[in-house]
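Look for chain A in each of the two complexes below; its partner is chain B in the first and chain C in the second.
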Partner chain A sequence: MNKTYIKNIIVILIALVFAVPASIDFLSMHAQEQIADNPHVSDVRMLSYYSPGLKGTASDTELFILDSGKPGGTLLVLGGTHPNESAGMISAISLVENLKVNQGRVIVIPWTNKSGFTHTSPLDGMLDKFDITLADGCTRTFRIGNRLTNPVDQWPDRSFYKGTSGRKLVGTENAEIRNVNRMYYGKADGVLTEKVCYGIFDLIQSEDVNLVMDMHEGSPEFLYLDCTMVNWKQDNSTAMSIASSMALSMQLDGLDMRAEYSGKSSYGLSHRSLGDNTSAMMTLMETYNPSMGPLHGKMDEDLIVNGNEPNYLQAHRDGYVYFDVPENGYPLIQRVARHVTCISYLCQAFSEENPDKAIVLEGIGTYDEIVVKGLEGLLKPVK
Partner chain B sequence: MDIELICLLAMLGSFLLANLLLKLPVSISMVIGAVAGALVGGEGIPLRHLFEGTFTYVDTMLIISSAMLFMTVIQESGALEALNATIVTKLYRHPALMLMMLMLVIMFPGMITGSSTAAVLSAGALVAPVLLLIGIPRAKAGAIVAIGSIMGMAAPPINIPAMLIGGGVDMPYIGFDGPLLLLTLPCAVISVLLLGLRHCRNLDADKLAESLDLEVGKKYGFRLYIPIIVLFVLLVLSKAFLHFPQLGTCLIFLISAFIGLFTGRKFNFWDKALKAMDTTIPVLAKLMGVGMFIQIMTLVGARGWIVVSCLSLGITAVYIASLTIMPAFGAISSYGAASVLGVPFLLVLIQAGGHNDIMVASCLSFLCCLGDLMPPTALAGNYAAQIVQLKYKFVLKYCVVPFLICIAIALAVLLNSSFFSFLTV
Partner chain C sequence: MIRNNSGGEIMNRIIIVIMTVVMLFAFVACSKGAAESAAEVKNTKTAQPVASVPAAATPSTGTVDSEYDPNVKVEFETQTNADRRVVTIGTIDKSRYIAPILVTSFGQSTDAAMLDTVMKRVGVDYTYNPAVGADGVAGYKTIVIAVGASTKGLGAAGISEADETARAKAIMKEVEANGLEVICCHIGGSSRRGALSDVFTDMVLSQSSCIVLKEDANFDGKFTDYAKAHNLPISLIFATKDTVQVFTEIFK
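What follows is the complex of A and B.
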């Protein structure tokens, strides 16, 4: 055999020696988190129920329905819209495992962009998973994904695209065609990400959802941290009234929070486009995630779970980051507690203004109670 | 000493050791640097990260590969020769205009691929003989090709460092065309006139006609240019009209290349394509190495350490570092400079106030592109030297003054970014 061929075969074999274990590692990201049983979960559906085009795809995702059986309003909670913003998914899972609804109905989607959980963002050096050891000694593993749909499931990105909201995707923004929070209100026969958006749009309309909370995180450079965005719509001023009431209540209880209107040009984002095109009150909340952004130090579980990032503290002291970076880090449990209690405050404010559509929750606890409990106490053991 | 700094030193040390002492290719040296960084950072050999970094630029690599096939076709079909002959015969009485047009030809592949290497290896290889023919010395011709290819890399519509810097701060790649033209066109014009004009003031039309291949243009006429026109039309249509089929940049290059097989001289496509890919693979490998290197820098915290250190320097030091360290980082990778240094420098300059964000990002990306002249890798310079059959140091000598002019223009635009903000619309 020609020497070149032998050399080429040897090179390919060496490549395979490395590629096979790497492939197994990448494929392990398809293993979904387990969720502990909660007797108050009345139904579990797939999003393809509302967007049939999703059936059999990597983006068809579970939605958990907690129905009190007592007439009231309906709240939709979105976690994992951006799978690299871990507090969103963990908060959603903790709701599914702990929540009891005493009036009205709550629908929770923990993995809104399910495909995004199967890959990480190149050059970010991001961990793909992290572990939480529970009080009984067992360990639960959670994935950290990418804010975009996996290109294996939706590729290539188009050079020029206009979403149903009117948002034009050109230049480097064309990858945003794989961002759930840019493609609302979606399209039943559009690209995969649009089908997810359409599913949520149709779910809101079919189930007569009154209130939506989309849970996000951002790096400290982001201006809207510890903030709830509400839909900007002239005929929907009550959303701001409820969000302001929620923010005020949280501040009175010692939790920083403010409410802001959606940007007038925030086309395609949930709080803008779903609010414009449905009757639901849209809210989106952001917390500070120290593992995001270009300044983070060594990427490890300590950074992900304990949120201790001296680089951002230094940058804040030097005046480059507006967000008041906490001295002792911003642990995941505090971010989860903030999201979960924000939902609680939001439902209270909504119920006060709409007593005929009240949503009454139980099993969440206060911010301090959740923080004291820790992730190991908040999350339940799974079989 | 911080562990992150130790990791960084281990990475750079291993890279330089492998590249300069062991004479290994840049791409392999980067792999060695990345593995060394991971080991020192306590990550073992993190296969997932090494692979993930490697495939970061897969879209860019596909575009460069298909662009090289397109350039091979229009080169072999005679289209570029005909274009050169047309420029020289029509414009030899106006040497300044002729040189500017030749510079534009050199820049063209870089503009559409975002790669200086693609520009040098394709259009540069064709224009260099013309530059020699009109009396420009070899070293200066090499310098013109090197500078022209870098200006092409930095010019719109595709400037990859600008995309990388913008991506780091959630800034969409919109509004960059005007600023990048403001930076690249004056630098390209000044450089080519400075290096070439005095050598081609009194050209003899008959001598030129003897040396140029005028036959290919006469034989095939306008149809030679059809692939280039198709390329432009498809690129513009796919980005300007929503309902036009989205072919993707790679397919547009391949369609244009396929048409080029029937519009000029016949040639063995398979052989030529293989040769073109042979010259391209080291560039693609370098992109893979850069991705792996930066991924590990980020994983072990070295990237964050660099960023925070830069932020603590203060505004004056960041100006100086932008003009010196950013181009110098090109010795490793101009894309790496954009990704590692571009984002923090942009943050500092924006924070200082009085700047237009897009203008600043454009200037920084332009400075990153200049890194392709930096030894030892010096992508553009080394390939240009090969084309004019000289050692790189002779070409580099004539690149110094244009390089300094580019730096000066970048500084002037950077300091007056608000004044030029109307270009970002």
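What follows is the complex of A and C.
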């Protein structure tokens, strides 16, 4: 054999030595988290049930229905709208695994932007996965995706796009055409992300959803942390009443929380555009995620799970960050407990104001109980 | 030609090797730099503000971003803190605040909705109408006003600043004519300070017989100075939730 061929083959083999494991690692992002069985989950559907255009795409996602069988209201919980905001997905999964609904119905979507879970933000130095070791010693692995739909699934980002909400995506906002939380209320035959949004819009209408919680996290620079955004309705202003009641309950538990109205120009965001276009009361909650801001240090499991970020603590002490960064970090379990507690108090307040549409939950405990359990106790072993 | 090609090939290889070494150094340097940067920040200590202790209360020192100039940090002494959550200066005559009670908003912030929730928790009979008109005031004996402007709240309610200001003026006129007792509630903290918020605050303060204030909004002494000058009782609260305690004392 010619020497040049041998050399070329050697070079190709060496390249494959690096490329194959890298590809396997990259493709492993498609391996979805498993969810432990909960006998109270009455049905599992795909979002394509409501948005047929999603069928067979990377964005078709599971929704878990927990129906008490007793007439009441319906709560929809969205986790993983932004896959890099881990507390949303973990909170949703913990609800699916632990919740028992005694009245009304709860629908949970853990991976709202499923395609977004299949890629990372490499230039942000993001981690792609993290592990939680459970009480019985087994390990569960969770992905940290990107806040946008994978460009492999939706491409190109158009230089100008006007969503159904009227939001104009132009200039630096181009890529937001792949952001689920900018494309509401969606379009059945639109771009892939819009089909996801349309599925949720149609689900709310078809299932007569009364209350929606969209779970998010933000970097410490964000002004609306520990805050629940609420849509204002001309014909139904009680969403703020419910959110205020939830905020006061959380404050009385020693947890910072406030409620704010949706921004006038927050077109395309769930709390604004789904609130404007459906009868559901829309809420969106944000917790502080120390791994999300530009000041974050080494991206490792300590930062993701334990929430230790000394750079932000220092920035806060120096007066550059408004948010009161906790001295001992902001662990994932506290952020999850905050989301779950918020949902619990929202349902309580909603049920008090709408006794005929009550949503009564069991099995999730108080904030303190969840924190004491820890992620290792909250999440269940999977078969 | 052959010599030239060989020379080029050797040069290419040298360049590749150099670039690889440079990249390796870059990766190592980056990770080391990040670690050092984090360590540096962790080890840096900053001077903490020192509180001076007035005789009347256990003080703490706070810093807020003044809405008038976000770049100016205003340091001030507070009388409330996490352990001393409510400080009332003066005596609130609770017998003045009788039913029927109206709760409304001047500025359409979410603080009014919070007051609505607080009143429910305390168990008071009241009417909540954040956008009540001047013609809706008659018949009430007490009016609790959440002052603080929110552009989001005004926008959401579809009310212009001018309309809200006109509504507030008209209400205060009716309040004066009908002799209602006024409780001025500023429970949104420093974020509810600003030119428009202060317009509403001034309007309400002029007829108030009692002030409830989340103390971080008092960074310029506006509320305590007014209360002192006009001999008004003022309840300073550390956090919004402490309104429950104050209202329980007033209404129960």
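Going forward, the second predicted complex is superposed on the first by the 365 of 383 C-alpha atoms of A that agree within 3 Å, B and C clash if a C-alpha of one lies under 4 Å from a C-alpha of the other, contacts with A are read in each partner's own complex, and residues count from 1 in each chain.
Criterion: a residue touches a chain if its C-beta (ideal position, glycine included) is under 8 Å from a C-beta of that chain, and two chains touch if they have at least 3 such contacts.
Predicted, not measured: the structure shown is a model, and the values here were computed from it.
A.B. asks: In the overlaid three-chain picture, which partner chain does A:Asp25 touch, first (chain B) or second (chain C), both, or neither?
C.D. replies: A:Asp25 contacts chain B only, not chain C.
A.B. asks: Please name the chain, chain B or chain C, that touches the greater number of residues in chain A.
C.D. replies: B
A.B. asks: Which partner does A:Ala259 contact after superposing on A: first (chain B), second (chain C), both, neither?
C.D. replies: After superposition on chain A, A:Ala259 lies in contact with chain C alone.
A.B. asks: Based on the superposed arrangement, let me know which partner A:Gln314 touches: chain B (first), chain C (second), both, or neither?
C.D. replies: After superposing on A, A:Gln314 lies in contact with both chain B and chain C.
A.B. asks: Would you check which partner chain A:Pro294 touches, where first means chain B only, second means chain C only, and both and neither mean what they say?
C.D. replies: first
A.B. asks: After superposition on the shared chain, which partner residues are touched by A:Ser245: those of chain B (first), chain C (second), both, or neither?
C.D. replies: second
A.B. asks: Scan A:Phe117 for contacts with chain B and chain C and give back first, second, both or neither.
C.D. replies: neither
A.B. asks: Output check: A:Glu221 vs chain B and chain C. Expected answer is one of first, second, both, neither. What do you get?
C.D. replies: Touch partner of A:Glu221: chain B, not chain C.
A.B. asks: Let me check the overlay on chain A: which residues of chain A are in contact with chain B and also with chain C?
C.D. replies: 297-298, 311, 314, 318-319
A.B. asks: Which of the residues in chain B end up touching chain A in this complex?
C.D. replies: 3-4, 41, 47-53, 55-56, 59, 163, 166-169, 172-174, 176, 238-242, 246, 248-249, 291, 294-301, 303-305, 307-308, 311-312, 339, 343-344, 347-348, 351
A.B. asks: With touch defined as at the start, can you tell me which chain C residues reach chain A in the complex?
C.D. replies: 31, 34-35, 37-38, 41-42, 44, 46, 63, 65, 73, 110, 113-114, 116-118, 120-121, 150-153, 155-158, 239-241, 244
A.B. asks: Of all residues in chain A, which touch chain C in the complex?
C.D. replies: Answer in residue numbers: 232, 234, 240-241, 243-245, 247-248, 251-252, 258-264, 297-298, 310-311, 314, 317-319, 322.
A.B. asks: If you look only at chain A, which of its residues touch chain B in the complex?
C.D. replies: 18-19, 21-22, 25-26, 120, 122-125, 128, 156, 158-162, 170-173, 221, 294-299, 311, 314-315, 318-320
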